[in-house]
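Shared between the two complexes below is subunit A, which pairs with subunit B and subunit C, respectively.
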Partner chain A sequence: MSRLNTARVLFATRFAEMAEYRAEVVIWMLSGTLSLVMMLVWMAQAQAAPGGQIRGYDAAGFATYFLSTWLVSQLLVVWVAWELDFEIRQGTLSAKLLRPLDPMWTHYASHVAERLVRLVPMLVLVTAFALLSGARFTTEWWAYPAALGLAALGFTARFLYEYAIGLLAFWTESSTSFQELAWLVYAALGGMFAPLDFYPAWVQAVAVWTPFPYMLGLPAQLLAGKAGPEDALRGALVMLGWLVVFWFLRLAVWRAGLKKYGAVGA
Partner chain B sequence: MSRYLRLLRIFTGATLSAQLEYRANFVGALLASLGEVGVALLGLGIVFGQPGISSVGGWSFREALLVTGFFMLTEGVISVFIQPNMSKIADAIRTGSMDFTLLKPIDAQFGVSTRHLNVLRAPDLLIGLGLIAYAASGLSVTPGGVLGAALLYVSAVVIVYCIWLALSTTAFWFVKTQNVAELFNGVFGAARFPVSAFPLPVRAFLTFVVPVAFITTVPAQAMTGELAWGAALASPVVAAALFVVTRLFWLRAVGSYTSASS
Partner chain C sequence: MTTSPPDPAVHVRDLRKAYAVHEKEPGFMGSLRSFVSRKTRQVEAVRGVSFDLHPGEVVGFLGPNGAGKTTTLKMLSGLLHPSGGEARVAGFEPRRREAAFLRQITLVMGQKQQLIWDLPALDSFLVNQAIYEIPDDQYRATMREFTDVLGLDGILKKQVRKLSLGERMKCELAAALLHRPKVLFLDEPTIGLDVNMQESVRAFVRDYNERHGATVILTSHYMADVTALARRILVIDQGALVFDGDLGSLAGQAGAGKTIRLQLRSPVTAQALAGYGQDVSVDGLSAQLRVPRAEVSERAARLLADLDVADLTVEDPSIEAIMADLFGHRTPPALERA
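Here is the complex of A and B:
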C-alpha cells in the first residue's frame, strides 16, 4: 500500500512539474522533424515515380507510414541521459542518493507524466498533418491498443538503455555524445528514414536482432494497417525479452558507477 | 573598426584557451559530428538506394550530395560560431548578467554575437567542406561557379545568424526561451535535401516563409551552374533585409530590458 502511495505522490508531483513546461513540450515536439522531412521527400518521390508508387507505397501510403512513425516516436522520447550527465557532473545526485528510493523512479515518473502533457497537442498536430498529407490510419480497432502497448514497452526499454548510457557520465564527460549515436541507430533501424523493407537485405537481417524495429517501426506499421495481430504479439514477446536484458544492464552499470562516484568536492 | 577586429582576436584567444582546458571533450564532440553526418548521409543513401531512383527532385546523387555538404557546413557554422553565443542570451537575461554586456563601451549585439566559440565542433566544418569537395569532383564545376557559391554562402550564413538572433532576442520578453532555437533546427532539418525534393507547397514555405532554400540549395545550384539569376539576386537581398530587421528588433528588445531584479 505504501508503495502505491509513493508511486501516486511521485507521479502527481512530476505531472505538476511537467505541466509547468508545457510550452517547451510543444517546442520539443516540433523540433524532432526527421520523420516529417523524410515523409515529404518520399511523397514527392512517389508522385514523380512511374505508376505513382515506390515498392507498393503511394504518396498517401508514405504519409500514413511516416506520420505513424512520428506519432510513436513522440511516445518514445527519452531525455534522461542529459539529466544524469548534469546530476553526476554537478554532484546534485548526492542528495538524491539519501532518499530510500532509487532515483530512477523519479525520472521514470517524469517521463510518463510528460507523455500526458504531450497528449493533447500531439493529437491536434497529427490530425492537422493527416488532413494536409492525406494519411489514412487503419480502421481495425485492435491495432490502436496494440500499438500503444508496444510503444509503452518500447518506451520503457529505451528509458532503461538510455539510463545506462547516461550513467556513463560516472566515467566520461561525453556520455551525451554516446546518447546521440545511440539515437542514430534507433532512428535508422527503427525506420525513421524509410520503412525497414527499403533497406539492404543485410541491414534488415541485423535489425531483427535489435529491439529497434519492434519499438518504432512495428507500432507504426500497425497504425498504418500493414501488420497483423500475430506480428504485434511476436513483437511484444521480443520487447519483453529486451526489457529483461536492459533492466539488468542498467542495474549493473548503476552499481559499478556508484562505486566510482565521489561527488564533486568529496 | 580596428578596435572591433582587435576585440575579435581577444575573444577568440580567450574562448580557445578556456576550451583547450577540456581536451577530452573532443572525443565526444567528434562522436556527435559523426552522428550528424550519419543522419544526413543515411537519409540520402536510402532514397537513392531504391531501384529505379536516379534523381531526387531533378538532382543526381552527386548534386544532392553537394546540398548535404552545404548542410553539414552550416551545421558546423551554427555549432562553432552561432549557437555558443545565442544560447547564452536567454540565460544572461534570466540571471541579469546581460547588464555587464550592455554596460561595455562596445556594440551590445557585437558583444553577444562574437564572445564565444565552440572549436570542438570544428570537424563539422571540415566534414562539410570535404563532402562538398568530393561531390564537386564528380561534377563539371567552373571556377566562376565556386566563386558564386562562396559569395552566396556568405548571404546564407547571414540569414542563419539573423534567424537565430531574432529567435534568441525574444528572451528579452519571454525569458524562458532557451529552447526556441530548436524550432529553427526543426525546419532546418529539411535543408539536408534540395528544396525541389519536396512537394510544391512545402517548397514555397521553405523559400518564402523560412528561407531555408537560400542556405543550402542556392549555393549548391550556383556551383553546378543551374542557378537562375533571380535566385542569385534574391539571396543577398533577403540576407540584407533580414539583417536590418533583426538589428531593429534587437535595439527594440534592448530598449525594453529592465534587468533581472527590477
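Here is the complex of A and C:
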C-alpha cells in the first residue's frame, strides 16, 4: 500500500512539474520531425514510381506508415541519459542517493507523466497530419491496444537501456555521445528511415535479434494494418525478454557505478 | 551494578579515502598530450581518521578547504565508498545504503538539493513524506514544529525558484529533516546567508537536537555556527584528524595565545606596541595585541607600567585566530586529545 502511495505521489508531483513545461513539450514534439521528413521523401518517390507504388506502398501507405512511426516514437521518447550525465558529473545525484528510493523511479515517473502532458497535442497533431497527407490507419480495433501495449513495453525497455547508458558517466567524461550512437541504431533498425523490409536481407537478419523492430516498427505496422495479432503477441514476448535483460543490465551498471561515484560538487 | 555506555551513534576507525585525479597541462598541446597519454595522480583525501560520536552529541568539524571534511561526511552518509577503514552510523555500514540506514540520517549540503525547482516547496515535502513513508499525523506534527521554529508560514506555497536564498535554505532544511533523522551531517548549512538567517538556522538545529536527541556533525566557515552549537570540536587537516576535544581546550593549543585589549588615555603608535606582542592593531585610543598564553601576566604588567592605560582586558583568542594558528604549519601534528 505504501509503495502504491509513493508511486501515486511521485506521479502526481512529476505531472505537475511537467505541466509547467507544457508549451516546451509541444515544441519538443514538433522538433522530432524525422519521421515526417521521411514521409515526404517516400511519398514523393512513390508518386514518381511506375504504378505509383514501391514494394506495395503507395503515397498514402507511406503516409500511414511514417505517421504511425512518428506517433509511436512520441511514446518512446526518453531523455534520462542526458539527466544522469548531468547529475553524475555535477554531483546533484547525491541528494537523490540520500533517500531510501532508487532514483530511477523518480525519473521513470517523470517520463510517464510527460506522456500524459504530450497526449492531447499529440492526438491533435496526428489528426492534422493524417488529414493533410491522406494517411489511413487500420480499422481493426484490437490493433490500437496492441500497439499501445507494445509501445509501453518498448518505452520501458528503452528507458532501461538509456538509463544504463547514462550511468556510463560514472566512468567517462560524458555519456551522451553513447546515447547518440544508441539513438542512431534505434532509429535505423526501428524503421524510422524506411520500413524494415526495405533494408538489405542481412540488416533485417541482424535487426530481428535486437529489440528495435518490436518497439517501434511493429506497433507502427499494427496501426498501418500491415501486421496481425500473432505478430503483436510474438513481439510482446520478445520485448518482455529484452525487458528482463535490460533490467539486470541497468542494475549491474548502477551497482558498479556507485562504487566509482565521486560525489563531486554538491 | 555498572551500566555500559550507549553504543556510539557514529563510529569511525582508520577511515581512508584515496582517489585518482587526471592531470592535464593547459592549452592545446596539453590537450593533445593528455589525449594520447593521460596522467593521473593519487590523492589521499582522508588518511586514517578515527573518532566516536555519542547519541545526541553536537560536534563541530573544522579544517581548511580541502582538508577532507566533506569527503568524510560523504563517506559517513553513504555517498562515497571508503578506500579503507571502518565506519558505522546508527549501527549501519553507510556504504551499503540500506533503506533503514537512509531513514536515520540526513546530509545537508548547500541550498539546491532536495526541492523541486518548478513547484512549491510543499510538493517536495509531500514527495518526501511518501518516500520516507511518514504517517500523516507525524508529518503534520513535524510540519507544525518546523513552521514554528523556521518561520515557514507564507513560503510553502511559493514556487521554489521564486524563493529567496534564505527562504530556500529554510525549506531545504525542513525537507532534509522531515523524516526526523537521528544523525545529521550538516555541511556549511549557513553559507551565503545573512546574519539573521544564520541565527534562525542555528536556532533550528539547536531546537531539533534538543527535541529529538539527534547527533549532529557540523562543518562551517562561520565560527559563530560552531561556537553556538558545538561543545566538542574535531579538527582535520590534510586528511588527518589533528584535534579532538572541547572548544576551551582548542583555545589552549600551542601558539594560539590570548588577546590583550587596551583603552589608552594618550595615543601610541603600533610600532611602540610591537615590543609587547604580535598582531598589533591601533585605532585611535583603542589597541589590541596578541601575547603568548604563558606570558599574559608579565606582558600586561609591563603595559600597565609603561603606558597610560585607562582599561585593560584579556580575552581568549577567536576561533578564527586559533584556526589560523593551527593551519599555519603544513605538517599535520599528532592528534591532540583534550
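Here is the rule we go by: the second predicted complex is superposed on the first by the 264 of 266 C-alpha atoms of A that agree within 3 Å, B and C clash if a C-alpha of one lies under 4 Å from a C-alpha of the other, contacts with A are read in each partner's own complex, and residues count from 1 in each chain.
Following the convention adopted for this analysis, contacts are C-beta pairs under 8 Å (C-beta built on N, C-alpha and C of every residue); 3 or more make two chains touch, one makes a residue touch a chain.
For clarity, every value in this text was computed on a predicted model and none was experimentally measured.
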Give one word, clash or fit, describing how subunit B and subunit C relate on subunit A after superposing.
fit
With both complexes superposed on chain A, which partner does A:G32 reach: first (subunit B), second (subunit C), both or neither?
first
Geometry of the superposed three-chain model: angle at subunit A (Cα centres of subunit B and subunit C, steps of 10 degrees):
80
Who contacts more of subunit A, subunit B or subunit C?
B
With the two complexes superposed on chain A, say which partner A:W79 touches: subunit B (first), subunit C (second), both, or neither.
neither
So, does A:L101 touch the first partner subunit B, the second partner subunit C, both, or neither?
second
For the combined overlay, can you note the least CA distance between subunit B and subunit C, rounded to whole Å?
5
Intersection of subunit A residues contacting subunit B with those contacting subunit C?
none
Note: in the complex, subunit A contacts subunit C through residues 2, 5-6, 8-10, 13, 16-17, 20-21, 92, 94-95, 97-101, 258-259, 261-263, 266
Residues of subunit A touching subunit B in their complex?
23-24, 27-28, 30-34, 37-38, 40-45, 47, 49-50, 54-55, 172-178, 180-181, 183-184, 187-188, 193-194, 198-200
Can you name the residues of subunit B that touch subunit A in the complex?
22, 24-25, 27-32, 34-35, 38-39, 42-43, 46-47, 49-50, 52-53, 56-57, 176, 179-180, 182-183, 185-187, 189-190, 192-193, 197-199, 202
Show which residues of subunit C lie in contact with subunit A when the two form their complex.
19, 74, 77-81, 97, 99-100, 102-103, 105-107, 109-110, 112-114, 116, 118-119, 123-124, 126-133
